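Okay, so chain A shows up in both of these, paired with chain B first and chain C after.
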Partner chain A sequence: MKPKALLSKVGLWSATAAASAALVIGIAPITAKALNIPTEVTEDGKNTYKKFCSACHGEEGKGDGPVARSMLPKPRDFTRGAYKFRTTPSGSLPTDEDIYRTISYGVPNSTMIPWDILTEQQRASVIPVLKSFSEAFEVRKPEAPVAVGLEVRPTEKTVAEGKKIYEEKLECWKCHGVEGRGDGPSAAEQEDDFGFPIKPFDFTTGKFKGGNSSRDVYLRFTTGLNGTPMPSFAKELTDEQRWCLTHYVISLIKPEETSK
Partner chain B sequence: MKQLLFLCALFGFLSWNVISSEDTLADNYAEVEVKDGGTVVGNVKYMGDLTTLSLNLYADFELPETSKTATEKLTVSMINHGIKYAIVSITDITRGKKKAIPAIHPIIDQQRNNFIPHVTAIPAGTTIDILNGDEELHTVHTSTIKNQPFNLGTTYKQRISKTFEYPETIKLTCDLHKKSYAWVVVLDNPYFDITDRNGYFEICDIPPGTYKFQVWHEELGKLEKEVKINPKELSNIEFVYSQY
Partner chain C sequence: MKKLGLGFCLSAVMALTSMAWAAEQPPKKETPPDLYEGTPDWYRAVYKDNVGMKEGSGPFKDYFKPQMLDMYWQPNRHYEPMKNLDHSIFIEKERRDLCVTCHEEATPGVVRDWRSSGHKNPKSTPYLSARTAEIEKRTNRVLNEVHCFDCHADTKKKQIRMPTGEVCGECHRPQFDDFLREREMGRPNHIQSWEANTIVPWYAEAARRGYLYGQHGCDLCHSGAEKCDVCHTRHKFSAAEGRQPEACITCHMGPDHPDSESYGESKHGVIYEKEGEHYDFNRPLSEVRPGKDYRTPTCQFCHMYEKHGRFIHNPVMKGIWRMGTVPPKNLEYTSSLKDYPYGIKIIPDKIDIYSEENVAKRSYWLEVCAKCHSDRFADTYLKSLDEFMFQAHTLADKAQKVVEDLIADGFLYPGAADRDPYPLSDGIEKQLSPAFLGEPIYNAFKTLKGKFPVVGPILGVYGMFLQQQDNPSNIENMYNRLWFWYKLQGYKGTAHVQQDVSWWWGQAPMMMEFTKIQSEAARLRREGRIEKVSLK
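So, the complex of A and B:
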């Protein structure tokens, strides 16, 4: 029992650490807990959605707004309840905090901007509106967020261990390429659940869609990106191995590429 | 009370130890005791021209020599034109025998880059174990809405248990081996069977009455037939697909 309690405390601590790190680099902090996220659709939420989101995500959340046509990646179609950036296990619905985080942080490398022009309350108000577009939220509940253990320090040894996992055990290179450029042998044939082509992420760019902190990277391959070919590797690794893999993935960032 | 029932509806090679079917779903099927039920046996056939099928013997797939495959999707017996992996079910039954949830989880194994078996039919609430029997990475990916979807990377000997709560026809795919996939057909009542390699099926303990029988095949689609079931009688039905 004891180690578990320790783990969850540390988990909490690293969450706050991630949040304050996010603050430092100018990303909206995860303050959803303090925020009041309405449980029902409100007029305020409907208006905010209509005014700021529907042009891309569509009146009914189908991702088919007037400006969405030629866009890739496509604005999310909310009707399936498939959210990429979550703290919850593969296939699970996201928590309200996950959705709030994406709205505030945006999705780098896409037209989804960080919505910091909206007040925190406005961002929170659209959450029930997004959820109301999918039947999934009526029949299922989000599962509990996955446990994130104590971070292992990035050292030569842990990065080397991560490299082994990337190249041998889990064969990430099949999609992401040996150098992490998103050009592995299976990369070209990838499609998302909506039938649109999708590229495995190019790690060298360093602009992670789900956030750049080590905790973010850890969460992405642990939970997977719902609605995409990016699977969850929840059952395959120990917590320590996850951190090793995280550090190796981060080591693939090429500084000269990120400044582009 | 724990009973050992022979679950005639499934596969025909296993008898499952039936646990009390604790129904978590509010559905429109009521379990009652069926004393004088009738039985349906039958055959699902493809009577189109076998020679016009573009034959593509699936290289990694072991098939009995008496069967011909036109792609992995359609396997036709050369002896009697029977079709393998068609699912026959009663679609409009609202009361009948216990919905026996198999206590031993049916298995879907990724072997030599294929999902085996290719088609599985289960009553809602069943847990399936998905295995990776290959010494390389596979993914197993579904995109359902009601049943919680999943997409998991799995390595050699991994075993994943997934419970399917809602009736739905679900495709399992592997994003690293785009050619292979499997179907999991989840049904809301226990009156169904999946055809064997000669196209035979059997459904038993059906309360007397008239019902709609349906056959589904992934390539050939659906056919329907109304059948009257008499107490303790055996009825014979045949479904014939004529066109591919």
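So, the complex of A and C:
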């Protein structure tokens, strides 16, 4: 790909990303804040969970509902308190808003649909139910969300810098593949904390599980994905380097090749 | 003045006519499609009314509980939506997008199939577009996409439904109506295949004796009654696929109707095998140019040809010999076959091969053959098929006579009194009546409680589906193989021009089985006589 095309691509995706970020920042947390997320398990929450969540996640949140067995990836087992998509640092529990966001946004490339079909109140009501499945929430509190500063402007240079990190510094390609297709030499060996084989993400699909905005992608590098082999790079990379890597992986999207 | 008057009248007529044309024509109200249209009242209660898993289907429904799988085979009667994942919210809110979002991951093959189907893009080619326009006109809808929701959502009950032909028929009405016409021909056909599966007493008897799951083989083919995906598989529902011979072979094979084997290894089939990639299956059958689009005919091209250049969306209308089980009227029989169908009302009468209807059907067959063969050759070939069938039925008659004489002379061993009765005899007496079975047969069940031997077409076929204590005996099994396997194999081999099937699977084993039956009868008679002498 010529640098110029690459740049325009990054520009396009950044624009989309900025728009989505605006949406996410603009709607989700505020809505969540405006919402009253109950602190205790309510009847409404239990019923909502039973009716809409338990078929996959199981009555006791073990990710073993009656329809879970044929699903890949497997529905989340809530008993460990390991949540992938967070704004909190690696290893931390998620905030209520993080959980609310995943419920509302869904998880692309999985059977977790965006549950915007439920009312906001219903979605909020299941949060204490999910937390009740894990002792972790009793003994720990989620750490404060990481601060996301101003995004570094995507340029040809940041993409090139990101590529360098991807290929040399962190060797992301070993799992995610040289072209970002999730087919690196170690891809087949990856396992999650629950003992299931896990496929490294294929960036070319453009359907980022934790959200498509550059802020979302940046957060994944910063917070890691708890319960998976994907670590946080908050220590290894500077803030700027994480933005560069963000710009690079977004540039790997090839929706025209992977449109289903 | 006269002319002026005429002109006035004419213009008045024209004005009225144009007013009538201009008036908005309301869409014609169609009666909803009904797969059981024209059937007797009792059919609905045993085949259509949904009972979930509570009871079986057919007249003997109370004698067995269905397999859970039956809900997929016979959805009208048995389908129950899944309980552990309630889909009602998606239907209430008509969230079409979420069907695909989830199932793209849960069942990706289904979604990809649908994406490549005419349902996803009903206007993608000029041909599809024209067909879609017809459907739009008839149903008064705009169809830019036929979605999961349109077929699977029961908006009245707010639950997921398993679509049947009736759902397909809402849009594909001409095809549905053609399919419905199979009933005119009676069994064997596709639309009554579930009836054929469960109306036979041995199905319920086998289930009652713990062989329900042994009847998978029956169910998988006989589930073709209500569904269109038997030939046009989910979720492509491709017309082109339905035109390919492979669409038929999962059922049309094996010892009772080796259609796949006989067509597949015939010259027709072999040329298709070699050159099939050049066959244009996207072309509707009526537009196929033999020799150009197809070098040899397919199952569909011959069997779905109705007459005079027209095709019909069912393959049974032109059948003369049908499955080959029904004896022809045109023979003198020595066995009880002369009395076939013994007053039984629910099975077809003997076939008159030379009836006006069948002579006309033969001419329609010749219309197909004459696309490539001379009329004289084709006629001669099909007449030789008739002669083969006469010979085969004569041989079967002789064999039946041997078995029946043995029974009449009291040499059947073990005798009927000492073995299990005819399958579900109690049920037959209770659930059926002389109106179905005719006085003599019904009374036989009533008085003898099924403790009598039954051989030959069609009730004698039970031995192919259920073996009970000493019933049927060895010689009866031999006769079953002769008339139900070898005769039918010879028929298909001859009809589809496959010499090996005709001879080695048909005529040869038929003859060998005949002499085995003779030897077995002689042995039984000899042993019977020795026993009598020694008892004295």
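By our rule, the second predicted complex is superposed on the first by the 227 of 260 C-alpha atoms of A that agree within 3 Å, B and C clash if a C-alpha of one lies under 4 Å from a C-alpha of the other, contacts with A are read in each partner's own complex, and residues count from 1 in each chain.
To be clear about the criterion, a residue touches a chain if its C-beta (ideal position, glycine included) is under 8 Å from a C-beta of that chain, and two chains touch if they have at least 3 such contacts.
Owing to the predicted nature of the structure, the values given are computational and were not obtained by experimental measurement.
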Task = Name the chain, either chain B or chain C, that contacts more residues of chain A.
result = B
Ask   = Between chain B (first) and chain C (second), which does A:Ile37 come into contact with in this model arrangement: first, second, both, or neither?
value = neither
Query = Touching A:Gly227, do we find chain B (first), chain C (second), both, or neither?
reply = first
Contacts of A:Ile99 with chain B and chain C, given as first, second, both or neither = neither
Query = Taking the superposition as given, does A:Val67 touch the first partner, chain B, the second, chain C, both, or neither?
reply = second
Partner chain(s) touched by A:Ala187 [first = chain B, second = chain C, both, neither] = neither
Task = Figure out whether A:Ile250 sits in contact with chain B (first) or chain C (second), or with both, or with neither.
result = neither
Ask   = Taking the superposition as given, does A:Glu171 touch the first partner, chain B, the second, chain C, both, or neither?
value = first
Note = chain A partner, complex, touching residues on chain B are 136-137, 139, 141-143, 145-146, 148-155, 158, 160, 166, 175-176, 178
Task = Spell out the part of chain A that touches chain C in their complex, as residue ranges.
result = 51-52, 55-56, 65-67, 70-72, 106, 109-111, 113-114, 117-118, 260
Query = Which part of chain A faces chain B closely enough to touch in the complex?
reply = 80-82, 90-92, 134-136, 139-140, 169-171, 174-175, 186, 189-190, 193, 224, 226-236
Request  = Quick one: which bits of chain C touch chain A in the complex? Just the residue numbers, please.
outcome  = 84-86, 89-90, 93, 95, 98, 101-102, 104-106, 108, 111-112, 115
